[in-house]
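Scrolling down, you'll hit the structures one after another.
You will see two complexes here that share chain A, one where it goes with chain B and one where it goes with chain C.
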Partner chain A sequence: MSTPETSTAVPVAAGDGDGAGGPILKVEGIHTYYGAIHAIKGVTLEVRKGEIVTLIGANGAGKSTTLRSINGLNRPREGRITFQGEDITNRPAHEVVAMGISQSPEGRRLFPRMSVLENLEMGAFQRTDRQNFGEDLDRVYDLFPRLAERKTQKAGTLSGGEQQMVAIGRALMARPKLLMLDEPSMGLAPIFVEKIFEIIVEINSQGTPILLVEQNALMALDVAKRGYVMETGQIAITDDADRLSENEQVKKAYLGIA
Partner chain B sequence: MPSGRPSLVGLLGLFFLLLIIVWLGVNFVKDPQEFINVFFVGLTRGAVYALIALGYTLVYGILQLINFAHGDVFALSGLIASSVLLSVFGVTTDSGAGLVIVAIAVALIVAMVLASTLNVTIEFVGYRRLRHAPRLAALITAIGMSFIVQNIALAIYDVDYQSIPRLIPNSSVLTIGEVALQWNKLFVLALTIPVLLALTWMVRETRHGKAMRATSQDRDASAMMGIDVNRTISFTFALAGSLAGAAGLLFLLYFTTMRYDTGFELGLIAFTAAVLGGIGNLTGAVLGGILIGLIQEFNEGLAWATPGGDWTRSIVFGILIAILVFRPSGLLGEQTPEGE
Partner chain C sequence: MMTEQQTPQQRKDEEQRLQEVIAQRTQRSAGLWRRETAVALIPLVLVIGYAIIYPFEAVYTTLREIPGIGDFFPTPGSAVIIIVFTMMAIGLNVVVGYAGLLDLGYVAFYAAGAYMAGWLASQHFEQVTFHFWSPGINPELPGIHINLWIVLLLAGIFTAVVGIVIGLPTLRLRGDYLAIVTLGFGEIVPQFVRNGDNFKGFDLTSGSFGITPIDPPGFGDGLGDGSGGLLPVNFQRSFDAEQLYYWAALGLLLFTVFCCWRLRDSRLGRAWIAIREDETAAAAMGIPLMRTKTWSYAIGAFFGGIAGAYYASFKSGAFPSDFYFNISIFLLCMVILGGMGSIWGVIIAGTILGWLNIEGLGVIGNYLNDWFFEPVTGSRIEVPKYQFGIYGIIIVTMMLFRPTGLIPERRRKLEMEEGVHDEPAMGERAVNR
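Presenting the complex of A and B:
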């Protein structure tokens, strides 16, 4: 693989007035480590109101770590993260959730010995408006009718696709202002992958901006408005999603098209 | 794992169990009244074990760590309770019921608050930094913490036993034939049972309880749900500590004497109880505690073919070994792939 040229077609500091809303999340030059391992080396990206943004790249590129930096599980040593204009760089994870960023993590990470319903309840843990709980639960069951059937079943006993539904539903129960999905299609049968992407589009059309991390670059670029390509802890390319799908480098490296 | 294939060890275990049942049956037939009296003694002892075992199981459930200092926290808080009773209230056998009740209530609060503060401190100072360190580091720290707490008790109370007068009389509440239930046993049971029920309800139903269960199943995912993981772990240590404090006072009132190292053996026994029931499982800890209390008293109190007190330790720890061999997940423990 050749070293990627940075072709920044969309200026990083774009404001309002280009169709999408203003930035809701801004990540500016963050560096994140695991002990001595320098996993994220100066990542800058943003998510604007109402859009789906995808972060694609090979395994180990640093996509999950970028999300962990945003949600407070792994604090960056350098750089700045702002959410709705507020600096959240050093906020603990539980506060970040309360501010409105929720996530469906890589590998789903359900509470295996809790029922589907209890898992969804945990998603609403930090909410104070308990009276809307039933309404949100209905919304999740509307999106995933399967979960209504399985609500008393222990999450650990569900199929992979069903678990992914719970993970996304659980993140939605927080009524997020920004939803982050880490590889929602991983390990799923093709029919489930289609379904999950349809639902991602539907959630977004209801008004929630989404930061979508995917290895399935083809489908991710299909639903996203903009995309960032990550390589070894850095953003290699960023552009509109449809232009990224046409980008020769991206085609070669991530879309499996020679 | 209860599988269909009958292995040699499994058959051996079954045979052993049958032997115990026969032994208990013969003893019951020979002297039913004595049997029931011994049963009550065992039940009471088991209730105290259960309270301590719950502390081990709560902490293990959330951190997968054996807090070896737990038994010593129990002993230190019992000793402090003795000071409250003797030095602050000056209770004697002649004290009026009003004074005794107030003194016990205050001693209970002091013991519980002190033990939970101490336990939270132990986690904060000792274990928090080691959460991502190898298991062995936390284990050795836990043993170190055990010695530190024991040494604090030794520094304050020296090697002498602290004894209090019998405040809860051991006269009978009710007698049927030669079967009798005494006030002090009733007191221990009447205090333990509501505590156990309240704790179970709390963990199942309340917000804190749900946060505890979630944190024990997946710490990172819990943080992503907006759970303050550090606070939840502190809360768990506080809860476990307050149970140890209550157990410290109960032990003191029932057995009337203890010293700096009382928590060492008792802690190990309670830990065995927690493993027997299935470590991490609350109901299991109670069941394990009561079973070990019963086994111990049956062994020391029954008349026919009984090994006797000299063998109690060997039997209790023999059970621990047998459990680890036959059923490592304990009587009620779930076999979970991630719960290693």
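Presenting the complex of A and C:
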């Protein structure tokens, strides 16, 4: 049944070329509810190989719920999510992680009483290839040298920026085929925000596609290739990131430029 | 905010200094750890040695005759009960302490284990006569008589299955809701056995009469005679029955402790702790929540079932009146008092509360009456009657002054120590950098 789906050539947006390929993740018209609250009203989006896609929007627009729907923490009632051509719509979170989608959740959600190293180990929980563990750990320590210094410290005692590093590092330990970052800049000092975005670009340049949820639209559109703007549970605008940052509506509402 | 004004050179120096401090600290703690383990082994060996020789008549009678404090030493018979309850508390600790799932119905597992012993090692099913390695019992005796060592294992497995059956529908709930549902199951199971004497004429549980007598443990004629009496044929028929029961209970306790200690540091144990710390984050890490929680239930139930079956054999009966709600709470008190997740803490708290419950309150009551109530008020009071009030006071006092328990789990203890002096200023500066 899914063969015609996967073989359908996806129209690549104009100006698309460098490294970006076919879609790795497709979200088609999902509806997600919290009890009776209709949080996501038919969201459709896709992430293609090798790109950074950002999902921006105001508080409560449904950005995080979209991510939670993708990785199985919330179950959409309608719609379809496919990852590498496979339907993952109602898969439990642990299966989705095993398939290669890992995320740094909103508010970081570290294990506060575990050390930095133990948190990173938890990220690799689904992995069965123990021998590559050290290699991945080195990769994370390369990206975040601070974490190497602090590996025995309890995650709960780290500063906000360091915690965000652990959260991203932890997600990377799963060797994701798709990395989802939920508000990595939340609550961080400006200099740290810049640092985190640099690292996001670096991770992406190593080949991992990233779905980035952000309130900091300026920074997000700066690093992303394409962007989706969410409003009250729906995708309001879709475009290339550089064109979105020129869009009058976006400028006004999210970039604070009149 | 002043620290923002640092020059690059100052920052570099600072960085270097920090690294040195960290290196030093790591070294120091590594050395400390090695010394600590060596030192920690001494009391461990002493405690186990003491526990092993305790039931020898020469030992415990001497201890019990020490003037003033002699009454504080329990008889070996009471010690068996203390050990069995401690074992259950360690099982409950897997559920409550490791996985952080509040279970108010643990008594259901005790009941399941006890009835398993009743079914497989008594005359209850007199329709059949089945003997397997029975401990020197007349092979003509009707009923199922399987050797208790095997029954213990079967009881553990059966109870683990009961745990899974209870867990599958309930573990989807979180926090208070889970506690309420487990409370319900803790009530359902005793009601079930109380009324389980007539399933269309089939008597499963003997109703409120309970199943009695239950076979004692033993190694049977073959092994007993073969070992020249070293392995007793039948505990009940030995001169030193209480001692044998005590040592077997101690063996089971050590087995439980060993398993739970190894489990804590396993992949499964880490997954439990992750769920306890943050369930959503654990799910996002790819930990299968239901399976992991169900495992904690099954493993906690497994030890509860073994302890229940052993206890039923010790007192030679399984009665529905034994499985009241208070026991669930009593076991939970042991876990909280000891320190959730801490094996040593739970052992100590289990010993103290178990002792208080069986002998201690009576002993303390006598002292209070002799030295205070009788001379002052002219009448004696029955202290054991107030047991749950007293446990309540203990718990409230603990929560106020030592909320992490007598011996906090390593993780929680570290949090308290490091959280205080891990230079939060350093973290602040890191943000500004």
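The criterion applied here is as follows: the second predicted complex is superposed on the first by the 239 of 258 C-alpha atoms of A that agree within 3 Å, B and C clash if a C-alpha of one lies under 4 Å from a C-alpha of the other, contacts with A are read in each partner's own complex, and residues count from 1 in each chain.
What we mean here is this: a contact is a pair of C-beta atoms (placed from the backbone, for glycine too) under 8 Å apart; a residue touches a chain by one contact, two chains touch by 3 or more.
Since the structure is predicted, the reported quantities are computational estimates derived from the model, not experimental observations.
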With everything superposed onto chain A, say whether chain B and chain C fit together or clash. clash
Is A:N59 touching anything from chain B or chain C once the two structures are fitted on A? First, second, both or neither. neither
Answer with first, second, both or neither: which of chain B and chain C does A:T128 touch in the superposed model? neither
First (chain B), second (chain C), both or neither: which does A:H94 touch? both
Looking at A:L158, would you say it contacts chain B, chain C, both, or neither? Reply first, second, both or neither. second
Given the touch rule stated above, what does A:R109 touch, chain B (first), chain C (second), both, or neither? both
Among the partners chain B and chain C, which is in contact with a greater number of residues of chain A? C
Partner chain in contact with A:A189 - chain B first, chain C second, else both or neither: second
With both complexes superposed on chain A, which partner does A:R146 reach: first (chain B), second (chain C), both or neither? second
Which parts of chain A are in contact with chain B and also with chain C? 71-73, 92-94, 97-98, 102-103, 105, 109-114, 118, 121-123, 125-126, 156, 170, 174
How about chain C: which of its residues touch chain A in the complex? 18-19, 22, 26, 267, 270-271, 273-274, 277-278, 280-290, 411-412, 414-415, 418-419, 422, 424, 427-428, 430-433
Okay, in this complex, where on chain B does chain A touch? 207, 210-211, 213-214, 217-218, 220-229, 334, 336, 338
Chain B-facing residues of chain A, complex: 71-73, 92-94, 97-98, 102-103, 105, 109-114, 118, 121-123, 125-126, 156, 170, 174
Taking the touch rule as given, give the residues of chain A at its contact with chain C in the complex, in rising order. 71-73, 92-94, 97-98, 102-103, 105, 109-114, 118, 121-123, 125-126, 146, 149, 152-154, 156-162, 170, 174, 188-189, 191-192
